[in-house]
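Shared between the two complexes below is chain A, which pairs with chain B and chain C, respectively.
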Partner chain A sequence: MIQPAKPDLVTVNIDGQEIAVPKGTNVIEAARLVNVDVPHYCYHPKLSVAGNCRMCLIEMGLPAVDPATKAPVMDPATGKQKINWIPRPQIGCGTNVSPGLHIRTTSPMVKEAREGVMEFLLVNHPLDCPICDQAGECKLQEQATAYGRGYSRYIEEKNVKPKRTQLGPRVTLDDERCVLCSRCIRFSREVAKDDVLGFIDRGSHSTLTCFPGRQLENNYSLNTVDICPVGALTSTDFRFKMRVWFLKQTNSLDPESSAGANTTVWSREGVIYRITPRRNDEVNDTWMADSGRVLYKQVRTDTRLTAAKVRGASATLAAAVSAAAELLRAGGVAIVGSGRSTVEEQFLTRQLAAALGGVSINLVSRVGAGDGLLVSADRNPNVRGALVTGLVSALPSAQLAGLGAEIDAGRVRTVLAIGEDLAAAGLTAAQLAKVSVVCLGTHANPTSAAAQVLIPTLTVFEKSGTFVNQQFRLQKFAAAVPGPAGTTDDLAVLGQLVAALGGPAAADLAGVWTRLAAAVPALATVTFANLPETGLLLDPTPYAALPFVEGAGLHHSPAKA
Partner chain B sequence: MSAPAQTRIIFQHIDEPGYTNDLACYVRHGGYEVLKSAVRRKPEELIDEVKKSGLRGRGGAGFPCGVKWGLVDRKSGKPIYLIVNADESEPGTFKDRYIIHQDPHQLIEGTMISCFANNVKQAYIYIRGEMPHGARILEKAIAEARAAGFVGPNILGTGYSCELFVHRGAGAYICGEETGLIESLEGKRANPRIKPPYFPAVLGLYQCPTIVNNVETLCHVKYIAQHGGAAFSQIGTPGNTGTRIFCVSGLVQRPGYYEFPAGKITLGQLLYDVCGGPLPGRTFKAVIPGGSSAKILRFGERFKGKRKVGAELVDYDWGVEDVPMDFDSLGMIGTMGGSGGVIVMDDSVNMVEALANINAFYAHESCGQCTPCREGSLWMKRITTRMVHGTARAEDAALLQGVADQIPGRTICAFGEACSWPTQSFMAKFGDEFRAYPETKKTPKPAEAAPLI
Partner chain C sequence: MAVIPLTRKPLSLVERTYVPAILSGLKTTFKRMFRPNDTLEYPEQRPAIPPGYRGVPTLVKDPNGREKCVSCQLCEFVCPPKAIRITPGTVPEGSGREHVEKAPQAFDIDMLRCIYCGLCQEVCPEEAIFLQNQYSLSGYTREELVNHKDRLYELGGTLPDSHYKWDKKKAAAEAGPAH
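This part shows the complex of A and B:
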């Protein structure tokens, strides 16, 4: 590992606490390091500094030096260098640390400034918290509690602005709630590279809007909803569905591509209501694609498989597993594994193949166009997991053409499909009819229809596991909601199959990891529990020769050929 | 006490019978001779002359022009731009428009000398959007000057080239704030930039070092290039050199433009002797000495303190009439010289109504970028409008004061001060009138009172 260059450190004093922080850090971030909260609206760590909300005003002082000799001026009372306090408050977001900088965040001047800004922000605010989706996670609410007056001196009429503007297909704007922080504008311009938002009109009548003839419709538009500090930008999908304080948060991953954006799944009583990005400065910063946010909708659909079947008749899980084992034992087996399976499932698939001996293992390739940000060209989230666990040693080819030929030649008589639709992957109906299919899947498709043995399994939101993303970062996710009745965790199904075929006994996630760590040297020290939430970077060098399809994206540049 | 005579430097020929704004007339009166000699000198020499002159910016803040030029980042290798700030929008100020209308070539000559001194290859005249006539005059004048070789490529055969363009403003007061002006010139909303890091001298127009000077300031540069910085510093008073143009408006006998050496005339001389005093039967009540954002002065108040005269500190005890009209003296008594717009109010004016008018202006003109000014200016406007046109409450005075006190010093640009100082100073000096306004409204207005807008 190459150690990052040690950044130049600067010692600053925040509310009496001395702390060394890297040069270029601003006061808000420096204060965060000593657990001092500097309230703000417009500042966002991943966007340029606008300095317009004026909420982060702090009192700032610099060490006094004699203008002529440049010698430090000492304060006889304290014996330390005298501090020249600037008589007017400065913005914390736009002030970068300098040696000896002194900051006060609790002085009367700061308190008064915050109260003033807070009052101003509320005078034209509709105060419709009872019907506002942002309530409960609203910076305006939180900071009004902390820094507000508790009463209003405003008796004039408030501004009237549009209440439900459709900025695009997924974002609805309530202009009256907007505090004009410009985060959404800066995000669109700087991150999404789709400059469509701007303010029109002037002063307090300023209104957020799209450019004429344009819409906020890029695949990152919902990030503006996340970063909106107030209830102005709301997700049209989530709007008025659920109060956020009822929702349970579960750490998850965006499974739509190998970028592996970290996410939070918000659910209540087994129902998912929304997915939002989770900050990971090494992977997705604070962003995710809109397309990854609607994936929860697959959890509750009419096509969900909920009953194990053997030759079309309902069966118990045990009966289905033993029927599957019987088919597999008969020989002539090909396994179609998945780049969407977890590392643990892929490892068990490998064990299954070992128990059978001499079977072909195929992976289904999913390649699309990368967007240069967080949707990479490889739409399988975990092809690298299959490489790391040793399930495969080459990248999947476009279609299962080789497998089709084997079937046609009569060499393959049974196909085990793990979470993949063989028809979509290129096998014909005739080929499917020619073989016995053992299908582990979540949704009805031609493969499940053709299956001799069908075992319903779980979606990514219903199980725990790990993926290895395009950076070779091992990241974990947890089950957010339970699977529907009749479904079984893939890990349990595969474990029972392995056991039925004479392999080791089935184990839970921790148990699988014990075996995984023993079998895969790269994961020797890892357990599911000790894997950091931000992931663990694995060594990519053993796979450097493989022609990975991903182009450049956020925090990812393809290895040079 | 009689008033001193005007010293007309910028207005030397303006208002002379037969003086027109075309190139031929300007050249007939010795025009562009200074540029001709300036381009044969070393640029550093010209900058030194400006530094020596003590010339202070005439746009409002009074920042020394030589210091401003000295701050320009000349080592970056980026081009240096010069912008003429002709976005004259401060209520009560109308000097720049008059110069542009009557003597555009004087501005162009001063600009080209300044460009040459600072090695500027491209300059812009940012003229207020509401001055289309002035823009046309400038366009015509620049075309004449270009044809005569004073502007454009290879000026006067020296090999030095500088383009000068007129850019019409976007019709907002905030376009006159220098960083807002730069944003506007770049084609964006005129939202002022945060400083640091966007000091125009380093990161100005197109992120290049940029000089922004007022029209009157650049006209003075022409005089300084002609007569030398020392000669200029002899006019006026130390620290407040040269002449100032006062734009007197309001309830006074002879409003208009007057050019006097800075600090050599008192406010009383200007209003009584030069402008003829109050209208018949009236008395002066208040005066705003430097554009509507400057703090108001109440006739009858006294200002006491110590001031520097040479090396000594001497006591002063001034009434409003005794205050010398210069940056420092006006600053000492808590207001400012600003842009030179002197707004006079007499005893027929109700101060609540006057403030309602000023507040309406600032609420309309706030860019809306930062919170205190955006919300505070509109709130103050709504309070004063309600007082005048709706229900006035006795507690409104305290509320106004409270709102105004939450604005200055907390905003991105000086608009925060500009919009809150009127309310703060009106409250400080005419607070009783605000507290009594609910009662005042019950009595009919005097017949001679100005109509409400």
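This part shows the complex of A and C:
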């Protein structure tokens, strides 16, 4: 018997299991809540419903009522209200739940319908799985196994369509593999707002293509590759690089801006092969920008720093740390922290400043144009982390002009640069030459060249930590690959520096979080382990007066529009 | 445990001469001397390899001398001792084989790891890898016992093919309607 539901909930019966779901949920999503898989190609939870693949056919019925009296018609055999089953299958994606809706996903009619759809989809499919990059994460492969008939009756010539078409600088199209689900078309139109894709020709000759003279070249083009259920759209960068089943997935974040898109880093044996978005309905839905997907290339470059140096000579980490501590103890210190550092590193930077006492702390600002989606104007992923941890109380200024003046005046004799290039941040070569530079960095740059003490550290893909994004959402990421030999985790380096300067002893990530929770009231209940994968929203009101540079983006509107 | 002492039967006079025993031994000797050998003079003589023998895994070419492997990496995936390592690559446009799209850049089988199970041959969708008759391999270094792609093709040679899958695909593409 259908239980009376809450006003905004609708109780439905899926394969005999009753569940209350919000109004407006479609059958695929409702079935997912009771762990019933309704196979589909064209339906995507973040796009409009097209209903053209016909794979999600289900059998549905409604409780019978007497047409005249509106009284429930009872089934004498079961003693329950009779269900009037619709004699033809319906699509699950386009059917929203209604009170008392009954769904069958395993009936013979549904099974037959799925087998029919699969057979038609495979009629012209080239079956070049051995050379297809989608193999292993292909819905057609999975659903042919789970719902197909298992053999082919097709003996005619298969349809021939263009292969290896370059749709844009980053996307390769194989039209023979396309199942015409139109997800990519809808994504371009609805999310990327760059309507460049469409179908031409008719029937089995239908072909996906760009409008004449246009290319799929917007900064979100690779999302079409992610949502393509088959191997029609593939990434040119990832093409034939590695089979997906070898790759280890690590939850990470897109560090290119304060939007903080959730990502998955795919690596094998310490080598990163690709980065894809990870679903977070509060931040990035299922999307990310193309520009964030190539950032893994910075991990293995010739310019990576791999040896600690003291005055140009190679040194051990311990020697470099003690040399740095000696320079810092001499006084006249300015710290250049980074909006790219993790919350934990920024907290240790604050402890370092406290241990030194009376030093100026600068952050380097990076402002670009926001695209209104997932690349925000603030290209530092974690400026808000510096605010939350109390490293700084104001937003970073455009250039380090104040620090330059201090150096010129001779008040600053040592600069500690944490992951920042001072030359790029506005200091001149003459100013760099006047001071002793202690540099923690990943790649060779003018600062690392000028550094008295150089300690190589890790990129965001090689360490674990947290960022606070533009919504003040604290999100964590994990190390995907180990750092190259000779590098040290920033957290360990900063911890050892703090300890060398008389602060608390160095600790691991969990240990730093214990101190962080004790020192920062907003993070009092947080540990790295209990931080949810979808992030934790912090209270932004203490910072409401600050002039943040971000404009409106996906799931973000500036506090004062 | 009880011990049962046995008394050996004393030898007769004839037995004590040892002549019958020597003669019977020599009989066997002369019989063997004129019979064909049971052993092979390895390595000059090699045994006949039975069909289905699982020797060293090799890569084969089709009868037209073309590479069959498309570097799908299924053998690498299925290989229990992880002896196979493939670096996939793209077939360049204009090579006449661009419709195959994919071919191995590097294909290494570490024969120190290989256990000759034949799963790679079983899983290969292109019938490109076969465990053939080669059974004897030796080397002075570990590196020598890693078969690289050129060595694998040298060992594999050419095997008959009945499918010519990629030729059929190319012919269909050329005969198909223009888009």
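Basically, the second predicted complex is superposed on the first by the 553 of 561 C-alpha atoms of A that agree within 3 Å, B and C clash if a C-alpha of one lies under 4 Å from a C-alpha of the other, contacts with A are read in each partner's own complex, and residues count from 1 in each chain.
What we mean here is this: a residue touches a chain if its C-beta (ideal position, glycine included) is under 8 Å from a C-beta of that chain, and two chains touch if they have at least 3 such contacts.
Predicted model, so just to flag it, every value in this text is computed and none were measured.
Once both complexes are superposed on chain A, the partners chain B and chain C fit side by side without clashing.
Once the two complexes are overlaid on the shared chain, A:W85 sits clear of chain B and of chain C alike.
Once the two complexes are overlaid on the shared chain, A:C53 sits against chain B while remaining clear of chain C.
In the superposition on chain A, A:E119 makes contact with chain B only, while chain C stays out of contact range. Of the two partner chains, chain C is the only one touched by A:K241; chain B is not. Here chain B and chain C are compared by how many residues of chain A each touches, and B touches more. Legend: residue contacts after superposition of the two complexes on their common chain; A:K161 is shown touching chain C, with no touch to chain B. Contacts of A:H205 after superposition: both chain B and chain C are touched. Once chain A of one complex is fitted onto chain A of the other, the partner contacts of A:I131 are limited to chain C, with no touch recorded for chain B.
Taking the C-alpha centre of chain A as the vertex, the lines to the centres of chain B and chain C open to an angle of 90 degrees, rounded to the nearest 10.
Superposed on chain A, the gap between chain B and chain C at their nearest CA atoms measures out to 14 angstrom in whole units. Residue overlap on chain A between the chain B contacts of one complex and the chain C contacts of the other covers 157, 159, 201, 205.
Listing the residues of chain A that touch chain B in their complex gives 49-55, 57, 88-89, 91, 94, 112-113, 116-117, 119-121, 123-124, 153-154, 156-157, 159, 179-180, 198-199, 201-206. Chain C meets chain A in the complex at residues 70-74, 76-77, 88-90, 98-102, 125-126, 169, 172-173, 175-177, 179. Chain B contributes residues 172, 189, 191, 194, 196, 363-372, 374-379, 382-383, 386, 399, 402-403, 406-407, 409-412 to its touches with chain A in the complex. Of all residues in chain A, those touching chain C in their complex are 126, 128-131, 135, 157-164, 175, 201, 205, 207, 239-243, 245-246.
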